[in-house]
Amino acid sequence: MELLKSLYEVGWFLLLIVAGVGVLEGYFYTHFRFYDRKWFFPVLLSVVPLLFWGIFGNMLGGHTFALWLYFLLAEGLIAAFFRYIVKGQHTVPYMLIAPAFVGLALLLVYPFVFEFYLSFHDLKLTTIMAWKETGQIPFVWFKQYVNVFTTSPLNDVSIWMLLWRTFLWTFTNVFFHVLGGFALALLLNNNIKGKGIYRTLLVIPWAMPQVVAVLAMRGEFHAENGFVNILLNRLVEWWPALANIGIGPVQWLSNYPLTTCTIINVWLGIPFMMVVILGGLQSISKSYYDAADIDGATYFQKLRYITLPLVKPVAMPAITLGTIWTFNNINVIYLVTGQAGGTEKADILVSAMYKAAFTYNRYSYSAAFAIVIFILLFSISVFYLHGLDAAKED
Amino acid sequence: MASVEFKNIVKRFKENTVLNGVNVDIKDKEFLVIVGPSGCGKSTLLRMLAGLETVTDGDILIDGERVNEYHPSKRNIAMVFQDYALYPHMTVAENMSFSLKLKKTPQEDIDARVKEAAATLQITQYLARKPQALSGGQRQRVAIGRAIVRKPKVFLFDEPLSNLDAKLREEMRVEIAKLHQRLNATILYVTHDQVEAMTLADRIVVMYNGKVQQEGTPMEVYSKPANLFVAGFIGSPTMNFLRGKAAVKGGKTEFISNDIKITLPPSLLDPKTVKDGQEIVVGVRPDDISVDVPAKEGLTEVLEGKLDVSELLGHRENLYIYIGETRVLANTDAVGRTPGDKVKVRFNYANMHVFDKATEKRISR
Amino acid sequence: MIDNKKTSAMSPEELSEKYEKTKESLDQLRGMLMPFLKAQYEKNRKSLERREKIKIFLIHLVIIICCFICIYPLLRIFSISLRPGDKLFSTDLSLIPDGATFSAYVSLLKNTNFLRWLWNSLVITIATSFIGVSLASTAAYAFSRFRFPGKKIGMIILLSSQMIPAGMLILPLFLMIMKMNLMNSYLGMIIAYSVSSLPFSIWILKGYYDTIPRSLEEAALVDGTSAVGAFWRIILPLSTPALSIAFLFNFTTAWNEYLVARVVLFSSQQYTWTLGLFELQGQYLTQWGMFAAGSMLVTIPVLIVFLYSSKWLISGLTLGSVKG
């Protein structure tokens, strides 16, 4: 019975989606069809919002008026767009992208704008009930942003520490990702048997569901039962002299959480780099190496002057993406150290932000935090891309 | 079948004017070839007729009816694309019947027409195959078959033979010529290969830089080129061009360049049309150069030349001869001359042309 | 001897005689040295071969070690899942433990909501993937084939949406879903997931559409379809590889997702498998056996699907980047 019920729910939702898309297309189509009629604007701005309010009015609680205003604004913009900028042409492409972009507008743009809105108010545990009923929250100007830089999101970590840690985390991870991936790709690119099997096996850390992989690896760093410490114990048993230099079992999760997370993330991330770089290596024509052999180049010279430059265009997008993903990587940090009772010593910017929101319920603070992170990341990317373009021009 | 008119066609892509006032007429049942180098606008013209490009200015008429605004499928045309554009996921038969199915033609009609077209093109045994399983030439036929089935008013061919190898191209040229006879259809054919143009066309339109350079029958375009471009474009091997000045002295007109001095008789060039000192270009086709023959009526004075390279073509040979610093190409019967030989060169007046350098137009008779 | 004269002072006959004589003596020399030269050549060749063999051996060795490092955690989970109940916390490192048993699996399936979790995940993921792929396929087509105002902006928005910190949108989504009273429901989850993979899917599909020659659609137009008809009848059937890749990507993203689910779902009945598994591995009381069993049950199918389609996926990923 349960199965049927959930199928019914989902089927109904899918039907709703199809109907919604149809309505959307029809809506845009009328825009194209009637954009040049005199009555277009007035009718549009009055009739449609009323319709909207009538249908959705009860569903949205106290927020309806605000939503109606937003809709009016959006509709006005769209209508003006159709009338003055597009002038009724390009019907087909607009109708094709409409569903996707409305979806994105609702579930990407709107949340983004909403975060912005939140960051100027004060939504936290104590005010959230009031908000749910009335839609009102106190307005506090830039207080949250000031808080971001002065108070800490968690118990004992300042934002500057988090910033530093995030950069350290990103840099170390990407460095080892690329190094390991490149090395493995170089190894695999030779004339050896079993390349397919090796590639398949080496890709497993990436193919596994991340939750399973991370939790499993976390288990391996457990102080008593984890593989790493067991091995270290046995090593010291076998060769007691090592204990004198300080090699022995380590309280990974308590004392070195960031290191642990880094090791785990490197293990997770190398396969992706390897695959991309291998693809790049395989596209380099052998004749370059043959010519270099005739010229008398050593292995490292070939590597430096042929392989690296030719792999760069393929590797750069992957490295860029990888850097951004690593910078924003909540999963690993949270899964390894995040639950109640976990440590905060490994937090980076994004994981601290998540915890601020969902463990400490400081929603507005978290929103401001998020905006700050976004601006930071965005500016870095812009600088980086500019630098890249400038370098390309040489 | 129908007639087609392009009236004052202008086409602009952003700031780039591709076609600037083009006028072309295609009579009913005529095979018209538009020929020209890449980028001259010929494909654009064809696609505008098909409805795949918008017309910036001007009118396109099919059978007297203005079709600028019509959807491609409503113009009653069929098109054979350069890369055949066969739907890969359908069999040959399905490819050919697609358009009829869209028009909701009854199935028996569809089957009959497909069978007929397949028989005409000898592709009946491929009807159940998918395009990937066919060779280039076979795919080309299927593309043509797809067009035939529709029984359109006008057939459009967009450089259909450029993706085939040389031998196949020759075979398909003959096929297309036979097709024209059998179908008795109006055909607009676009190509950059002047051999195709010369062999297939009832009339040729030569285009360059978005303008019509000349239109006429193949013979007209070959023997009476309107300007330098047409002269150099039509005919293989390319015409030799000699640049120099006209010298008009006492009723006698001469062409003088650093290396060559020849008389231009009044039968070739009306003396009134040329001024003394005017810069002119003399055009001679390689077949119209005589090597090592005695003086004769209809030949110019002798010119001393030295053979640089000779290419044996069988029973003819291509001779690259330097007259002073000027190099000319002569195509003569093979005699077996060696590079370095001294040769005596004469040009035939019969097919010589004189062009004015500034306007590039032909000024000889 | 003639050799005492300078060559420049010799006559032609003397020169050719000298040439012959020199040639003779060189030939003699070569004949004498030949066996030595041959032996040297052989020695070089053999040592080269040996060096090659050692190099290949080392390469294999290093790769095998790395493979081992990659698989080992998985193998460990496997062995933990087989451990009998009393030995759960042992420090034994063997692959197949003493007294290996499937009791953890049985316990998992009987005493927890594992099957229910899997079902939840499946429903949500399939619905999300369908929505994601359908929205992306039309939008990508528009980006691939048409020029329209706002195209550049659209592409920039799509690209920069990748840069948004993951957690940033969870909060507003959470609040929205809470306000709509869709917490803890399928609908809420589907709404939350449906556009998360959209930009990437659009990118991949656009890259693929770009490789389909436009003449196919033009032929369809001439044959009598509308622009959308050409898309529906011709382009879509031809894009099945790319559509599958997009579907697969949407699927794996939604299937493996944890953070959003954590926020939206709060009753054990409604958990997706990621939440359920996480519940099994709390900080202090880790039900190792069942956790390991559950992990195996989820991972094996995922790995099989991934490895089976990996060639596709890789080429699909590079399609966009090579062309674009």
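When the chains are written out, they are named A, B and C in that same order, and each has its own residue count from 1.
We take it that a contact is a pair of C-beta atoms (placed from the backbone, for glycine too) under 8 Å apart; a residue touches a chain by one contact, two chains touch by 3 or more.
Computed from a prediction, not measured in an experiment: that's the story for all the values here.
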Pairwise touch network: line, ring, star, complete, or other:
line
Highest contact count belongs to the pair A-C
Give, as an integer number of Å, the spacing between the C-alpha centres of chain C and chain B.
52
Mean-CA-position distance for chain B and chain A (Å):
58
Take the average of all CA coordinates in chain A, do the same for chain C, and state the distance between these two points in whole angstrom.
18
Can you list the chain B residues in contact with two or more other chains?
none
Mind listing the chain C positions that touch chain B in their complex?
213, 215-216, 218-226, 234, 237-238
Per the touch rule, the chain A residues reaching chain C in their complex are 2-3, 6-7, 9-10, 13-14, 17, 59-61, 63, 85-86, 90, 92-97, 99-101, 103-104, 107-108, 110-112, 114-115, 118, 132, 184, 187-188, 190-192, 194, 198, 200-205, 207-213, 215-217, 219-220, 224-225, 227, 230-231, 233, 267, 271, 275-276, 279, 314, 317, 321, 324, 327-331, 334-335, 339-342, 349-351, 353-354, 357-358, 363, 366-367, 370, 373-374, 377-378, 381
Complex contact set, residues of chain B against chain C:
50-52, 71-73, 77-79, 81-89, 98-99, 102-103, 146, 150
Flag every residue of chain C that touches chain A in the complex, lowest number first.
56, 59-60, 62-64, 66-67, 69-74, 76-77, 89-91, 93, 116, 119-120, 123-124, 127, 130-131, 134-136, 138-139, 141-143, 145-146, 148-149, 151, 154, 157, 160-173, 175-176, 178-180, 185-187, 190-192, 194-195, 198-199, 202, 227-228, 231, 255-256, 258-259, 262-263, 274, 277-278, 281-284, 286, 288, 291, 295, 298-299, 302-303, 306-307, 310, 314, 317-318, 321
